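Going in written order, the chains are labelled A, B, C and D, and every chain counts its residues from 1.
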Amino acid sequence: MKKNKEPCYYSDYLKLDKLLGAQQPVSGDYGPEAHDEMLFIVVHQAYELWFKQMLHELRSVHTLFRADLLPDEKLMTVVHRLQRVVAIQELLNQQIKVLETMTPQDFLEFRDYLVPASGFQSIQFKELEISLGVRRDTRIAFDQASFYNRINAKDRAYLEALEQEPDLFSCVDAWLARMPFLETKDFSFWRHYQDAIEQQLRSDEAIITGNELLGEEERVAELTALQSTRENFAALFDADKYREMQEAGRVRLSQRAMQAALFIYLYREEPVFNLPWQVLSSLVDIDEQITLWRFRHVMMVQRMLGSKIGTGGSSGHDYLRRTTEKNRIFADFMNLATYLLPKSTLPPLPEPVSAALRRRAD
Amino acid sequence: MKKNKEPCYYSDYLKLDKLLGAQQPVSGDYGPEAHDEMLFIVVHQAYELWFKQMLHELRSVHTLFRADLLPDEKLMTVVHRLQRVVAIQELLNQQIKVLETMTPQDFLEFRDYLVPASGFQSIQFKELEISLGVRRDTRIAFDQASFYNRINAKDRAYLEALEQEPDLFSCVDAWLARMPFLETKDFSFWRHYQDAIEQQLRSDEAIITGNELLGEEERVAELTALQSTRENFAALFDADKYREMQEAGRVRLSQRAMQAALFIYLYREEPVFNLPWQVLSSLVDIDEQITLWRFRHVMMVQRMLGSKIGTGGSSGHDYLRRTTEKNRIFADFMNLATYLLPKSTLPPLPEPVSAALRRRAD
Amino acid sequence: MKKNKEPCYYSDYLKLDKLLGAQQPVSGDYGPEAHDEMLFIVVHQAYELWFKQMLHELRSVHTLFRADLLPDEKLMTVVHRLQRVVAIQELLNQQIKVLETMTPQDFLEFRDYLVPASGFQSIQFKELEISLGVRRDTRIAFDQASFYNRINAKDRAYLEALEQEPDLFSCVDAWLARMPFLETKDFSFWRHYQDAIEQQLRSDEAIITGNELLGEEERVAELTALQSTRENFAALFDADKYREMQEAGRVRLSQRAMQAALFIYLYREEPVFNLPWQVLSSLVDIDEQITLWRFRHVMMVQRMLGSKIGTGGSSGHDYLRRTTEKNRIFADFMNLATYLLPKSTLPPLPEPVSAALRRRAD
Amino acid sequence: MKKNKEPCYYSDYLKLDKLLGAQQPVSGDYGPEAHDEMLFIVVHQAYELWFKQMLHELRSVHTLFRADLLPDEKLMTVVHRLQRVVAIQELLNQQIKVLETMTPQDFLEFRDYLVPASGFQSIQFKELEISLGVRRDTRIAFDQASFYNRINAKDRAYLEALEQEPDLFSCVDAWLARMPFLETKDFSFWRHYQDAIEQQLRSDEAIITGNELLGEEERVAELTALQSTRENFAALFDADKYREMQEAGRVRLSQRAMQAALFIYLYREEPVFNLPWQVLSSLVDIDEQITLWRFRHVMMVQRMLGSKIGTGGSSGHDYLRRTTEKNRIFADFMNLATYLLPKSTLPPLPEPVSAALRRRAD
């Protein structure tokens, strides 16, 4: 460890020799250099730099979640770092506009030299997906087959080891599941809540039935959807049915975690639940931003290549489009909105919780 | 017509009395006013103001396209106004972030009072879709059934009349189809071009076959896709096959317009084709932005309501999601990238075109 | 109050008749209608709609601040609504790009008809400034003279009455000044803190003196600035000197409020100070966004008019530029960064505060 | 030159070993690593990557401008690449939001280790300024003194050599000055134009004089400004007066270039002037974006440091603020709006120009 501070020079500190020496267009090896290849390289390098930063934040968040205790100061740090990930994602979404200044024809000037490299080989992006909680078995079929077969053995081994580690999804699930306020014996709370939801569903049913502007087909579709919501809701409080929902892939969180999350969403305006709510909300933001990025990326690829194959030897955009749906990680939290109630109809808090709140407010 | 200029006062000019008197939350009619209802109203009113502006631009573009002649000055105006529409769309996409500051629970405080109104009833939005060229028969089934049944008779009549007018898609199709440079008898150009594309497709085939990183299943899928591209391409030059593609909904432009568009994309760096290319490119931008808006809108609705029904009596997000794919209007231009070639392999321009270019460059 | 819910129709609810009937270009009264006048009107009406929403939020925040108690739930509401104001401001900044699609020449087609109306006559914008805390005596000279003389008597009276009401700045000042933890008799805290700051200033002094890359002139300038920081800092703890700073316009907050704010910034990671810190931070965000808007607005006006006069009869951009500096409201919070310390060198919290924290954490 | 294409692997192509090995926080050398130092490094490295890309584009634009001929295809390339620079600048402006997720206190954890490095030492940023046309003698005094004294001898020599090369400003000036249509002997055009402007100025004068809402002081100020505009305008057509304006720093373009630019702005809707107008407009965009970046950067620094010195040993924000005004490069084009006329009052084009246009349109 250094004792005395050494003077620092900007370009040494940022290793600019290395950094700015790492752009080596290959088109020049085969003929005149394609002007736009530099842009292509810089755009992808900028992505990789930001991926590194996002992984830096996610790793620190993992560590915090895996500690025995997660006091409020630490939760603030979690929220702060997750929100930083979101800020980076917003930047990456904007960055697509820069790549879009390259025309399809300009890309063709050097596309052939890059074969068979492709963005599917970005280890850091796969690492991001794994760290967040995209799992091999929930990927779309194409992706299950191809996730590993386009990369070399070393990279494959690295990622396979990573898949054995706990991901952010499971950290959050465990944290939610051990929330102390769930240890209540006050069954009346959940009963009260179920009544309120049932009343709301009945009111929704009346709206659908009474809506003269709806066609018959629509009405039937809506009533079917409502029935499904009713069943999903009932399953939240029935361990067997919940397990069935999990197995059918309709829900991913554990039952206890789901109940805790629901509690947090319902009472987020109670100061004690505000930080946990910010955590869940940040996770939904991250999920939304990554989905948006996939979607914009699909459109950009389609505009660049039409249905032509990419450098990796496949026409990526169909594949990519399907991932916008399937690779959602924190959709369970997003779906919680289904079970919210207006504040005015919220049941009173169960006694152990409100007692804890009173103690804190002293 | 006024002769003398009258002095103008800011609030009179902008009719602020009317404008700022048009926000009347209904929650206050039934109980204490819900604070966030004002936001809900203002967000939707801002949308409607911008829709009016977009329609103003689109109408003027329609008029320009329907004139007998569309000289370069007019084309510049077309591009300028289409790009303004894009700038407004980017703003509307950003505007979603403002609505997202309303929490699901805050929305529940007044949702019930709005039944059965819903965004599906925005006449101006439907008008925008129709003006651009979304057609009843290409809408998804749900939308075909419900496009008209949620609005009143007067609004319905207005829109049905509008559907009889030429839309932007058909204006552009007609403009492309009458491009004079297509009147060439120089068949060698298209032959040369087809050879170049065939060579490219063979090279892509070799890439797929030789890519050891691809799994067997992927390889078969890619080769099938390539064969389909080959057939699509062949159909561009065969009137019967092209008609089949049109009938199957795989292409919407007329064959002549498609050939003209292809020409423009290939030679966009020739000054004479640059403005037409900017027109096509702006149309793709508009399509991309509207698609992005639908997609973000879906995510926002899902976050707000989960799978709960909206005020219009239906859970909109499944429906909305499907429209992100189906309601594309100018996808044909986006798909043109499939048939582009690197500049170095472009065939020489057919004689009548290059002669015209020489004359212009004098 | 209504008992039974009445069915709601989208266009009635949003008063679209009024809203979409409020765009009446005047150029058509004098000759052919200028196409871009519609854009000009819609842009300004969109601004006014959003100003109304911002005022709606600010008024509710004022009310919350003026209550006797401001418990944590209410503070969360304050933060939430201030952050919504920021989200709207970001949108308004983006909106400038839409107006920039109008070329200077297109504007000239109808500019003369608008004389002498101008954006200076927006009552809601002036109301926003007054509500936030821009005061007549801190405005630049030009603005002091002209703030009221371009508007009619009714509008003038309305704004003058508003200036008598407490603004957001004074609400925040009062709230900070009554923070209970300032009631400490533990002088050792401030002494400890002053020592730490003094040490930091000495270290900065050594850095300046030892920096061989600095020219002599720069070195002198930096040391002078450092001395000024030292004096400002000393004044924080000396009522007389503080009053002098206030009178010289170098600081606006009351001394007690300044000390409280400093405390909050230093210990923002303590859960109890996190919400107050979010309040202050949101105020700085609002200030930054309004400043950025003024700045972008200046550039847009300059690009549109050069040094030509605007419709209000003055060349606004010089004036506007000066307001970017002078009309800052919450600069005191921004300047607090000067007196921060790394967490590792923070003095221990004074006993009454840490005792209160322990009680809360039970 | 390679004959056979070699297979390409994503991480080799992008030199990810080098790129992702270049982040080495120094805080870890002196104690526990500061979590946020990684963000600080990555943000600055991302800036440097994009600076490299911007320089790549600017160098290619320089080369195009310095060729003997600049036909329309090449001008399209110029516009395309300048617009790409603008897209990158918009991204860099957004990137500030990512750095703002670092709190002032988090920065203090590692600030001292970076002394005396600072952003003033970014050679690529200085190179960008020089390439665009920021000149030593127009920099503010502080900057003239310190531009070179904070960097090492090698970097200094590199930049000093660069200052001898033609910059973008002078390339554009030369290109404008040699525009052929200025070779007209048709003095009636300029006379006609001067009359139209004089009429407009008289109308503006009447507006100011007749505006009862203006205070006396304002009226005098406006009339003085108008007189100054009148003199500036007269100087455009008087070589001696123009030279005085140049020497006083009120204008930078050569007189011939200024006249050409004026012509282009007036007749930008003529197809032949549209591309030149897009060039000028892109330069103004670049200037606006760099100014906006400086301004946002100032606010960010102030929020991070207050009036504390930065790592380079100076409190940068005062300095930076002044550069937002002084380091404008293409302000002359922005100011051209002063001399525009509505299309309806434009004088007819001089004969040699309209003849050339007729020939082209055949």
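Before moving on, here are some points about what is shown:
Just so it is clear, a residue touches a chain if its C-beta (ideal position, glycine included) is under 8 Å from a C-beta of that chain, and two chains touch if they have at least 3 such contacts.
Quantities reported herein were computed from a predicted structural model and do not represent experimental measurements.
Most remote chain with respect to chain A, judged by CA-atom centres, is D. In this structure, the chain pairs C-D and B-D differ in their number of contacting C-beta pairs, and the larger number is found at C-D.
Per-chain Cα centroids separate chain B from chain D by 34 Å. Once the centre of each chain is set as its mean CA position, chain B and chain C turn out to be 39 Å apart. Centroids of chain C and chain D (each the mean of its C-alpha atoms) stand 29 Å apart.
For chain C, the set of residues touching two or more other chains reads 112, 115-116. Put simply, chain D touches chain C in their complex at residues 103-105, 108-109, 112, 115-116, 142, 145-146, 149-151, 203-204, 207-208, 211, 213-215, 217-218, 221-222, 225-226, 228-229, 232, 265-266, 268, 284, 288, 291-292, 295-296, 299, 302-309, 312-315, 334-344. Contacts from chain C toward chain A in the complex involve residues 71-73, 76-77, 269-271, 274, 359-362. Note for the complex: chain A touches chain D at residues 1-2, 5, 7-16, 18-24, 26, 29-31, 35, 38-39, 41-42, 44-46, 48-50, 52-53, 56, 60, 80, 83-84, 87-88, 90-91, 94-95, 97-98, 101, 112-119, 121-124, 152, 155, 311.
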